[in-house]
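Below: the structure, in structure tokens.
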Amino acid sequence: MIQKDLPEVLRDFNPLEDKVLRVIDNDGHVVNKKMMPSLDDETIIDAYKKMLYERVADEMAISYQRQGRMYTYTPNLGQEAIHIAAGLNIREQDWLVPAFREMGVLLAKGVTMKEMFLFYLGNEHGGSFKNANNTLPIAISIGTQFHHATGIGYSIKQQKKNEAVYTFIGDGGTSEGDFSESLNFAGVWQVPVIFTIQNNQYAISVPVESQTKSINLAVKSVAFGIPGIKVDGNDFFAMYLAYKLAAEHALSGKGPVLIEAFTYRLGAHTTSDDPSKYRKKEEEEEWALVDPLLRLEKYMRSNNIWNLDVEALREEYKKEIDAQFVDAEKNKAYPIDDIFNYMYSDMPQELLRQKAEYEQFLSWKENKK
Amino acid sequence: MIQKDLPEVLRDFNPLEDKVLRVIDNDGHVVNKKMMPSLDDETIIDAYKKMLYERVADEMAISYQRQGRMYTYTPNLGQEAIHIAAGLNIREQDWLVPAFREMGVLLAKGVTMKEMFLFYLGNEHGGSFKNANNTLPIAISIGTQFHHATGIGYSIKQQKKNEAVYTFIGDGGTSEGDFSESLNFAGVWQVPVIFTIQNNQYAISVPVESQTKSINLAVKSVAFGIPGIKVDGNDFFAMYLAYKLAAEHALSGKGPVLIEAFTYRLGAHTTSDDPSKYRKKEEEEEWALVDPLLRLEKYMRSNNIWNLDVEALREEYKKEIDAQFVDAEKNKAYPIDDIFNYMYSDMPQELLRQKAEYEQFLSWKENKK
Amino acid sequence: MTMVKAINNALDIKLNEDKSIVVYGEDVGVEGGVFRVTEGLQKKYGVERVFDSPLAESGIVGTALGMAVSGLRPIVELQFDGFTYPAFNQIASNVSRMQNRSRGKFTVPMVIRFPYGGGVNALEHHSDSPESLFAHLPGLKVVVPSTPYDAKGMLISAIESEDPIIFMEPKRIYRAIKQEVSEEKFTLPLSKAKIVKEGSDVTVVAFGAMVRECQKAIEIANEAGISVELIDLRSIYPIDRETVGRSIRKTGRLVAVAEAHESFSIGSELVTIANEEAFLSLESPPRRVMGYDTVVPLAQGEKYYIISPERIFYEIEKSFRY
Amino acid sequence: MTMVKAINNALDIKLNEDKSIVVYGEDVGVEGGVFRVTEGLQKKYGVERVFDSPLAESGIVGTALGMAVSGLRPIVELQFDGFTYPAFNQIASNVSRMQNRSRGKFTVPMVIRFPYGGGVNALEHHSDSPESLFAHLPGLKVVVPSTPYDAKGMLISAIESEDPIIFMEPKRIYRAIKQEVSEEKFTLPLSKAKIVKEGSDVTVVAFGAMVRECQKAIEIANEAGISVELIDLRSIYPIDRETVGRSIRKTGRLVAVAEAHESFSIGSELVTIANEEAFLSLESPPRRVMGYDTVVPLAQGEKYYIISPERIFYEIEKSFRY
């Protein structure tokens, strides 16, 4: 009954019945022909390569962190199908309001690995995503970003622009008040926002079963009168279709959509986290078998469009990514102005005074030597 | 499908289909025999009298405010069936976590009109509800009380007590993050809490249609995996049944229930509010016809248990209530200690110092005369 | 005009002038706000620009931030001081920080307005003075007018600022002071204090509804032969330390008056500024005259909490005679 | 023991002693907390008493209040300083006020623990020092230990208090300081400052991770022939003004060191107390040495923000030579 607002083709996937949109199965076989998005081979190959790139970038980042060359890092391992599917749909003029585990979508908006590294090296300039159009910085205070997305949706609607907003949250994030508030605002305002819950089944150590008793997360849409759909988040085609239809829905003025992308966090929460404290190796191994890259590869192989030399690609990406890291690592300059200059457009005297005092201290220190 | 957790007899009333639990119609005729709670005549007469008492108390309070003898007051007009039905079910040991528009339930817990008046005369002692067992003060910061109720529910469950919690919120309050968060916690913890939304269709001037796009408010329960039911809030019998079954459900360890009591705020939001600014006289008149007192009276008349002289009762209540008001009004004593003494169990030096300074000022002032 | 009218007038002027402005909050549309500050604006500018939001302060502020980074200039109303707290996380974690976080890629031109302060016999949560909480958060400017004229000019400046502004309105004098205020557009600087009255013996610093109480206290002081300089702070963050410092260097004495709880407050900040700017001139201990560290009492007890002209005079005299 | 171990030990002792105590928050159960402070407790006391909650700080604090008025004594963990803000409304509107609102019918025996402060190369929102925000709210007590010993004794006292306690843990020294601490139960007063080192020229007041930095600064000062008295505040609200005042009356000088933004802060409060308690003894302007009014920078910029022993010494010397 809420689902009547969904694009027709999705209506069979009622989260109230815990239905899941799926196009290929774990072996890469198409299980739902009707829903297979029509993508040409190049696009599929390109998608695989982008997923691989994100994977390699993650692996590299983890190793830099292990080498002590970078601070705590948040990997995306296992969630790449979601990101690349969103990334292929999001347009230059669309808005991206990220949480903190959507690197592939950021890359699609034009963020570079150098910027990502700079951010994780502790430099705010990395996190500003200067050249990524209509892209907000990473949101760390969980849930708050959903309100920003809804507000941007209001701007778009009020100014009659041809834009949509993509925003993301984790399964744990659905417990925050802001999650519910913002979906409710979005429903009332009927704004063009595509809300994605990346349900990777854990919030750090807490399994989603301890997070909520709702039958799934897509069903939460019912509370706010907006359409919701649960999608197999490790199925690139299902995710692609979901975003394509959600974008059409949003852009045609029909309001927001909530997508639950059901997936699994293959890695640790961050490089400071040790999942063996709270989950079984077997579980991880089981999910490794349905790795989104593996699944897409299987599909491509059985459809004879697999022509990739993954090892060669990996080497190529590694080199390219390492060059970006080294470039970021070189950037050790952090002028003291960077602390003060961006707090305000019109900097108050009070900050100028504080800076001047600090500079006095610095010159005293200099003189002591 | 969520509704499977509801008491069997309520399962036909699925909020997903926007069904409403109703026992008598607007003319007081029983429309659902099966659901008619078995109440003896005295109980029904007693319920009517309690509703009338709350009604008269409201009218008196409004007139005291108009006479300038009391500050802003929040009337309950039109919502009495909900309050008296809850009040007849809530037990000495059960907890009441009120919002600010449930006077009838407070009275059932042992709060007196004198206390209510004292509170609205601006004295905190009125709002402490000293003699009402397990009753929290009025909650003004909307939504916050739902968390308190859930926490109390946890205490009860953890300590295996035979207690339930009754808590209330308005339709507007369902938009606050705390509303959603607390239902989610309650679902995960499976606590014995009966959450009531008094949907009186307005949040001050804002109609419920501008508050949310969900098909009704009971359906919000689906997002948190707890049973929910929409009840005709002007139908005393329906409300009674709903509370009876919800209490059984909660007390048998089956977890929380969300009740939407669909009603109408017959009066102003508060005595400072003027509803003619935002709603039509005709709408008010229409709803006046389905006044819960009128409906119960019609039922009683057609079932030959109407033996009340309402005018006499009104006079009796007026006198009794006025005596309580006058008593409250007399209480002008407000020792300065009242400001400081209740902030802490173990009062910090800092407060003692502040009080001493103020007393120095007072004695200076005294000396000046 | 009253302050209510002046604020309404400022909103009207800016809504008319700048299509990117939107005004929303609880009951600000049809109802025109519980204090009637936004009266008539929805009718004039339509429901797309002046509207009621769902009842959720975090949502109101959080969505406004989204609007502010995407081409609109939202002005949101929070219904009372005590209901700013549900929005605290959005304010502290995002509104105040988005510009810094994005290294200036996004500015946050938005205004958060709300009535604050005591003295109106209100229920709990309707009498708070939370200025010190917001002033401690980096990235915000916090201002409070004390007259209809200032309210209008400062609000227009706030709306035109690229930085997020917390605009606190002293509800106690919403309608208590009438003043000739031009219907034309004018602006006032956001971070300048105003010397309300010059004097030589004691500096009194206040803002909002307390300015008027200080004026009454000064009359008593005059009779007692004490010459008071009264400064209306207007900006809580940043504090105009030049004006405040200069005055204290002249008088050697500070009495800082505000309604909030005294600990960790604007009063403490002013005492600190007195030390930083005028240490060698101080002739008596700079002094806070403020509310206690207690909940603001309900109507019957508020007389003890609220700061009377007499009490201000008492402190002025003590400072003077020290 | 490290401070992490000492806090764990305090929780263990109290959980064992008092069945009404529950411990919960994000990842405190199986995981034992992101800093391992609650490690092993769920195993020992069961999931009914030590457990993970859904991810919602307002919910964690709001439900704890419900528990506290109904017979339990909850100890909740908020994962980081910057994630206390979503709980701000529950803290400001209810936790701090329920006892007053109910005229003592209900007390609120609960502890809100969280790691705070900078110096650990963290992401945004993981380095804040929000003590001044909580200290301005009437009805709370705010404490910060600086050693494992204090952490244990103060936490046990906090748990036993009938009043709600904000218990801030300096994450930077969670494991940096080891100390002999008895495994037995002991308590420490919650509102007493500690004189860490006596001295006669300058009073330095600090708390949490800054105490250790001040100790380093004092070594430099010693060499320069300046005798510093170091006070570890331990209680932020209320401040032990007796101890602080007595020291400043002796030395005539105050340097207040803290990590938070300097405006409207604990530093301002200490300067004010110096004026109120020791005005006639002051020989130089009491001084705040604190963070700027900026977001705490990420790792690369944090060196500018963080307060070094050198900078503290610089201020001590300036104060001394004034």
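The chains carry the letters A, B, C and D, assigned in the order they are written, with residues numbered from 1 in each.
Just so it is clear, a residue touches a chain if its C-beta (ideal position, glycine included) is under 8 Å from a C-beta of that chain, and two chains touch if they have at least 3 such contacts.
Keep in mind that this is a model prediction, so the values were computed, not measured.
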Query = If you take the chains that touch chain A and keep only those that also touch chain C, what is left?
reply = B, D
Request  = Could you tell me which chain lies farthest from chain B when each chain's centre is the average position of its Cα atoms?
outcome  = A
Ask   = If you average the Cα atoms of chain B and of chain C to get two centres, how far apart are those centres in Å?
value = 36
Remark   = Rounded to the nearest Å, the gap between Cα centres of chain C and chain D is 30
Key: Distance between the centres, which are taken as Cα means, of chain D and chain B, whole angstrom   = 40
Ask   = What are the residues of chain B that contact at least two other chains?
value = 124, 127, 141, 175-178, 181, 184, 188, 210-212, 338, 343, 350-351
Ask   = Which positions in chain C touch two or more other chains at once?
value = 54, 56, 58-59, 82, 85-86, 89, 93, 100-101, 124-125, 138-139, 237-238, 263, 292-295
Complex interface listing, chain C residues touching chain A = 22, 48-49, 53-54, 56, 58-59, 61-72, 74, 89-90, 93-94, 98-107, 138-139, 141, 161-163, 191, 237-239, 241-242
Task = Using the touch definition up top, name the residues of chain A that touch chain C in the complex.
result = 95, 97, 124-125, 127-130, 134, 136-137, 139, 141, 144, 146-156, 158-159, 177-178, 181-182, 184-185, 188, 338, 341-346, 348-351, 353
Message = Touching residues of chain D toward chain A in the complex: what are they?
response = 26-27, 29-32, 34, 52, 54-56, 58-59, 82-83, 85-86, 121-126, 262-263, 292-295, 297-302, 304-305, 310-311, 314
Task = Provide the residue numbers of chain D that touch chain C in the complex, in ascending order.
result = 82, 85-86, 88-89, 92-93, 97, 100-101, 124-125, 132-133, 135-139, 237-238, 260-261, 263-269, 271-272, 274-276, 279, 282, 284-286, 288, 292-295
Query = Where on chain A does chain B make contact in their complex?
reply = 1-2, 16-17, 175-181, 184, 187-188, 190, 210-215, 219-220, 222-226
